[in-house]
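Going by the order they are written in, the chains are A, B, C and D; count residues from 1 in each one.
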Amino acid sequence: MNPVNYLYLAALLFTIGATGVLIRRNAIVVFMCIELMLNACNLSLIAFSRMHGNLDGQIIAFFTMVVAAAEVVVGLAIIVSLFRTRHSASVDDAALMKL
Amino acid sequence: MSASAVHGLWTDLAAPAAEPIARIQAPTIEYAQLSPVLIVIGAAVLGILVEAFVPRRARHYTQLFVAGVALAAGFAAVVALSVSGYATTEAGIAAEGALAVDGPALFLQGVILLVGLVALFTFAERRLDPAAHGNRVDSFAAQAASVPGSDGEKAAVKAGFTTTEVFPLLMFAVGGMMVFPAANDLLTLFIALEVFSLPLYLLCALARRRRLLSQEAAVKYFLLGAFASAFTLFGIALLYGYAGSVSYARIAQVVEGTVKEVSPALAGTMGNDVLLLLGAALVTMGLLFKVGAVPFHMWTPDVYQGAPTPVTGFMASATKVAAFGALLRLLYVVLPGLRWDWRPVMWAVAAVTMVIGAIVAITQTDIKRLLAYSSIAHAGFILAGVIAAKPEGISSVLFYLAAYSFVTVGAFAVVTLVRDAGGEATHLSKWAGLGRRSPLVAAVFAVFLLAFAGIPLTSGFAGKFAVFKAAAEGGAAPLVVVGVLSSAVAAFFYIRVIVLMFFSEPTPEGPTVAVPSPLTTTAIAVGAAVTVVLGVAPQYFLDLATSAGTFVR
Amino acid sequence: MENLIAPLIAAPLLGAAVLLCGGRRLDKAGHWIGTALAVASFVLGAVLFAGLLGRGAEDRTLVQHLFSWIPVEGFQADVAFRLDQLSMTFVLLITGVGSLIHVYSIGYMEHDERRRRFFGYLNLFLAAMLILVLADNYLLLYLGWEGVGLASYLLIGFWQHKPSAATAAKKAFLVNRVGDMGLSIAIMLMFTTFGTFAFTPVLGSVGETGEGTLTAIALMLLLAACGKSAQVPLQSWLGDAMEGPTPVSALIHAATMVTAGVYLIVRSGAIFNAAPDAQLVVTVVGAVTLIFGAIVGCAKDDIKKALAGSTMSQIGYMVLAAGLGPIGYAVAIMHLVTHGFFKAGLFLGAGSVMHGMNDEVDMRRYGGLRKYMPVTFVTFGLGYLAIIGFPGLSGFFSKDLIIESAFAKGGVQGWILGTVTLVGAGITAFYMTRVMLMTFFGEERWRNLPAASPDAPDVEPAADHGGVPHPHESPKVMTVPMIVLAFGSVFAGAFFGIGERFVHWLEPVTAYEHGHPPVSALTVTAATVTVMVIGVGLAWLQYGRRPVPVVAPRGSLLTRAARRDLLQDDFNHVVLVRGGEHLTRSLVYVDHTLVDGVVNGTAAGVGGLSSRMRRLQNGFARSYAVSMFGGTALLVAATLLMRAV
Amino acid sequence: MSFPLLTATAVLPALGAVATAAVPAARRTAAKWLALLVSLATLVLAAVVAVRFEPGGARYQLTETYEWIPAFGVRWELGVDGIGVALLLLTALLIPFIVLAGWHDADPSPSSPPRSSGGHPKENANNRWRPTQGFFALILMVEAMVILSFEATDVFLFYIFFEAMLIPMYFLIGGFGDRAHQGGEEAAATQRSYAAVKFLLYNLAGGLIMLAAVIGLYVAAGSFSLPDIVAARASGELEMGTNTERLLFLGFFLAFAVKAPLWPLHTWLPNAMGEATAPVAVLITAVVDKVGTFAMLRFCLGLFPEASKWATPVVLVLALVSIVYGALLAVGQRDIKRLVAYASISHFGFIILGIFVMTSQGQSGATLYMVNHGISTAALMLVAGFLISRRGSRLIADYGGVQKVAPVLAGTFLVGGLATLSLPGLAPFVSEFLVLVGAFARYPVVGVVATFGIVLAALYTLVLYQRTMTGPVKPELAKLPDLRVRELAVVAPLIALLIFLGVYPKPLTDLVNPAVRHTMSDVQEHDPEPEVEAAK
């Protein structure tokens, strides 16, 4: 089938992820949405790689996974520590600094 | 996509399979040219080992030593490289096209290394906070994992724990920042971005005082940073899709249409400018986020305020340097063919950034937030230079970055000194009459403020003049006018601080100025010295920036 | 010989410098130094006069060029002096009368601890006045012009602790400044017209420019003259100027400074001759002032103010004469000189009276003083006879000549002017007789003075003046100058007038031409004398026969107006002072609210904008994300749009 | 390469400033003397410059040129023409008097214990705040920068010091306010910092707009060297578009008009002069502001002759407004120093008028005016300062009859006032009359309107004198001491100078005339010919 469709799918996923970031409160969920966006990127990368017939895209995808993993480590660390301090993982609660 | 293409694709993929495995040649790595980065990253890794094996008592100094030596060595390497001509004549691509070793890269790496070194001193400062249970403490949490105010934390403090991991984190960040402006393909760009971002996220969370703010800052910075990098990545994907490659040179060729042997697939995507423009816009957005340009600036004040002040200083200066370096390379190497598309947009961004940064800063009451907004305004000024799209543009931006980063790191170092019972006294009202209390500190800070305001005979003026001149020569006269007007506005709040420090009577319960160790003193001294030297005799550095002002492709 | 001109000026200048900078150590000798230098300059003047007489009538002009004052591209102002018959006359008058009054002041100011300073100011005045009359160009004249203004300011306000004196001084200076505006504009006009403002080239090349320009210049000069010579409409300051010590009134506000305006007009005769319209204005101004001053003189009870009014009126005569052109110039100067004598004498007499009456100035509190101060009475009386034009005395000759010349103007103008001058002569006789009678004749009203009564607030209780006065004759040092002046006021006229000595002396400068009145000169003289007698008679009827009330009766509307200087001050006060105050107050408001407000407003606006923008920074990570997302969308949209267009 | 005289004139006070600032806290008097000596030495150097300068010679003399920032095309390029020398002399002459007059202004006041830490006895002990040293150091620093801006023939160099001098001025105004203040120390502090900030923001805004123009100039002309640009324009090898020239002109003029100050950009001056100590007020109006008018003459007319002519009508109107408006507001003031400030605004109107009527009389007049106004205002303001410091009030209403108790003070005050109303025989008359004639020669109406200024000047001066010096003595003033030796030493020379320059201004005019000739040729204007060529 036409790889372009994969791109549409990727775009869709990306948008869903972005929307999730914008509308969800729970830090973890927000974070997962970001992961979703990254995966959307991966998908599009693979699709393009397929289209152009070279492997760069796929390689990038691997790197992205690693990066995502690293982000998870860092992110969870931060979020958890925040959760332990405030007993809530809502990003909206963390609004001491403003104006 | 037609079936034939698919078939061709299949054969393409099949072809290598027929080859003998032995024919894979190992990549050639120019270790000498990569030495600065390698040294710093290596030191970072070493730091981790130190954490693992060196007894707690000795860690602080060991880490300090390792990091200091590494940064110094890295700088030496940079100098050596540029002396041996890699900044100009020898400039080339290294590591299979992953990194560029050219003037801008080396210049910025040098700046980052020096700033890193100065920042390192502020990181290692242990005299400002009163000693807890007899052991000196720095400005980082005793034990990041322990809940603020919990018994665990108290115990950690009692035990005299210190988060010496900050040093390796700093080194990783520096390493990433060094790669960032040198990255010569989008993949490296992305990786470098993450490599220096993730440590910063963590560092933000490590403040010893006001940990809630610190953690909040970290969360915000992390989430928004990740969000931005997702966009960046998507942009990278689209650009790759457009050009069929992530190598800057390659993409540039495709954009300019000077590419040879066009594969049918490429022919298909090349025609599709939406891919290109969308991708370019998204990648640019990622970089603008890092430099804190409006409307991607909103994380800046919160994070700057919440993060430990030494980290803020480092972040504010080094990140800008790295990000602008990358932005320059992207716009001048990858997308020059697209100039007529991105220049107007960047015009708008620059203008808005200057104006909003300056205006919002007026009503700030927290010195760190104030400096955050000022950094936003300055991002706008630098963008004006970026837009010039001429060699002068590059060199002026390089100079500005050098000047600005030292002023910033120095200013934040001063902020660490002004303290009251609750740690640093960052609320402006606490700064009243500082000039009467300790004229020297106030005077130095005044110098930094004047440099921010761009008063002649300070580095800030030289830099501002350089970028505005470049912009004007690049035909962006209106932008220059906007620039001067917003710097007039900006002058107001810098002056306000000076008024506060010198002309208003000190409050009885006002802050005290802690007497720092030689470390912070050096940091501040270096900052001040660079500020004055670059203001009075900038010629040498301008020449440096000019000679380093050409990208390799 | 011209080298003597500079020393002539330098002498009093030196005196001023020494006395004013010398400090208290000079208090003892100050007045002697001042007087000596004044006399010295008179002697120099006499020497020069002798020298001039030794020359032919045509080359009696000496020029001393000292140095170039303001050398600028296309602009030459020199410090150069020019001594000719005209300025010579003035030099003698100034230094002569000046010296006398210096002597007089030694006695008059004896008890003032600031006598040294007083003499310093007097010397300063002499120097400035000499510069004024000796200057070779209008700019230098301007220097002297304002110099005398300054001296007059300092001397009127000499008793600065009296607010009235300070105010009077300020008023005098300001009104004069208005006149000075005229002079400086005139000079500018000359510069743009002739490229210079030295007498010879300007007056020499009058013919080469249009009448319009000349009229403008002339009118501006007239404005200046009005200021200095207290002519309507700038006369208001002279009355108040009487706040100054009496010798000052005698020297500056009677004999010399106030006549500077006449000098200016006569000196610029060439310009006026070429601008008949301006001349007409001059005569009108003169005529109006003549009557105005006379009327004021009739109503004042303050002896000095009465004399001031008379001065105004007499100068009106001179200005009128000067406005007649070549017929009148010399005559005007002649009257100026004679007036210098008798008016100075009168003032000194008044001063002597006040000296003996504890500085009382209200004539209604005098009376019958002739027994107590005979010398004063005689000298004053001679001056009186002179001013009313009693046949044979100096005033008779000069004033009569003016009246003749007025008629000689010819046509309707001639008749009108002539009549005015005649009437003026009558009024003069009236008010001077009034002064004479109220002061020296009648009952001795000063013996039993009422306490201040609410119905007459302007009457000061006698207590203010230290009880009942003991009138006595003044010391020699004061009487001698009076005698000398009286001598002058008796014989000067005859000396000048017989055989037209004076006008012939001035002819080379002012181009005298004999006027031909429509009626014979004899008739005019007869008319003058008759009018004079009528005036005296009326005055005697009112003030000689009946006793003079100590408290001024309410009097007719005209009288009351005249007492208030014909309401001109009130006009000034309402229009200029009040209006000015309102203007400035509103401007201060404007400056603070509008001009400053705009800037502060902008600042406030930016501040408000700032605090409004701050609200976007609401601390919610998600809203930041929204802004990023929106920003990205914009970025993308913009980029695509760029390509689209 | 001969001795860099001009550089020396600026470096000397700069070093002096550093040295003065370095004097230890205890040795306050030493700092004062050091500052005085340095300023005198600078005066000597300035005198040497004046002697070495040949009026007939080249336009810019004693020139020095060193590379500074080639990347910006900036050179350390100094040179003086007659106007520069005149103003250099004025500056160098006034500073010693300012120092001497401000002798005690920065002594830590006994009342509010050292202006440092509000009542921390412990901290006062090791208090490192040294107001006195700072005060005199700042004054010298200002002197150095002003002198450099008079000497710089490189636009950028000029700009740098034009801007940089704001900072020390700012601290002088804000840091060392007038002790004689109604409403106590608190109000004083707030008012003072308001004035200082206002001063700085006005000038900084102007300066930044000028910065844009400076950059634009470089883009347009490719050089910062004033002589080069002027020459290139004269020879026609440098063509600016009309609009470019006008925009650049506006950029420059705005900055100078703020500094000068020209209506309606004047409102910072009264605040600044009112709140600052009298010597600092003199420094502002007599020295620093002159940079603005000087720069109009040298840079606006020199660089943009066409645009200058284009703008002339508007500028003239604004100048006239300044003259009348300033005078009227001076009449309406209740505060002595603010009165003098508004008077200065009126006078600056005259100066600008003289510059822009484009006649040699006008421009010579304007230049002389700068010098004379400097001296006269210094005399008036410093005496006023002495008076104020005695009574501790700036309100005219608080005075009266001073003449009786302190005749010398009153006398000097009067002379200063007479100079302000430009009485003939005193220096200001010469310049004012030249300006008027120059204006009248080209625009008669303008000349006439400006002439009203002389009446108003008389009004506000004499009213001030009458209200403060004459009348019955106010009881509070009964014990008022007369001028002391130090104060007399400040005032007497100034007055002597006023009289001398009023009677014999030739030395000055000789200095100025050639420079004016050059400027006139820059703008390609000729004086209007007189109607008739009078028989000389």
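The working rule: a residue touches a chain if its C-beta (ideal position, glycine included) is under 8 Å from a C-beta of that chain, and two chains touch if they have at least 3 such contacts.
To keep track of the chains, here are their UniProt names: A = NADH-quinone oxidoreductase subunit K; B = NADH-quinone oxidoreductase subunit N; C = NADH-quinone oxidoreductase subunit L.
Remember, predicted model here, so these are calculated numbers, not experimental data.
Looking at chain B and chain D, the chains in contact with each of them are C. More inter-chain C-beta contacts link the pair A-B than the other of B-C and A-B. Geometrically, the chain at the heart of the complex, using CA-atom means, is D. The geometric centre of chain A is 65 Å away from that of chain D, both derived from CA atoms. Each chain gets a centre from the mean of its Cα atoms; for chain B and chain C, those two points are 81 Å apart. Each chain gets one centre point, the mean of its Cα atoms, and the points for chain A and chain B are 23 Å apart. For the pair chain A and chain C, the distance between C-alpha centroids works out to 97 Å.
Of all residues in chain D, those touching 2 or more other chains are 201, listed in ascending order.
Residues of chain A in contact with two or more other chains: 18, 21, 30, 91, 94-98. Taken residue by residue, chain B touches two or more other chains at 219-220, 223, 227, 231, 301-302, 492, whereas all remaining positions touch fewer.
By the document's touch criterion, interfaces exist between A-B, A-C, B-C, B-D, C-D. Remark: chain B residues 1, 8-9, 12-13, 144-145, 147-148, 187, 190-191, 194, 198, 201-202, 205, 211-213, 215-220, 222-223, 226-227, 230-231, 233-234, 236-238, 240-241, 244-246, 263, 265-266, 268-269, 301-302, 305-306 touch chain A in the complex. The residues of chain D lying in touch with chain C in their complex are 201-202, 263-264, 266-267, 325, 328-329, 331-333, 360-361, 364-365, 401, 403-404, 411, 418, 423-425, 429-430, 433-434, 436-437, 440-441, 444, 447-448, 451-452, 454-455, 458-459, 462-463, 466, 469-473, 503-506, 509-510, 513, 516-517, 520, 527-536. Against chain C, in their complex, chain B makes its touches with residues 219-220, 223-224, 227-228, 231, 273-274, 277-278, 280-282, 284-285, 289, 294-296, 298-299, 301-302, 340-342, 344-345, 348-349, 356, 359-364, 489, 492.
Residue ranges of chain B in contact with chain D, taken from their complex: 433, 435-440, 450, 453, 455-457, 461-462, 465-466, 468-469, 472-473, 477, 480-481, 483-485, 487-488, 491-492, 495-496, 499, 502-508, 538-539, 542-543, 546.
Looking at the complex, you find that chain C touches chain D at residues 20, 67-75, 79, 139, 142-143, 145-147, 150, 153, 157, 160-161, 163, 165-167, 169-170, 173-174, 177-178, 180-181, 184-185, 187-189, 191-196, 200-202, 204-205, 208-209, 213, 580, 583-585, 587-588, 591, 595-596, 598-599, 603.
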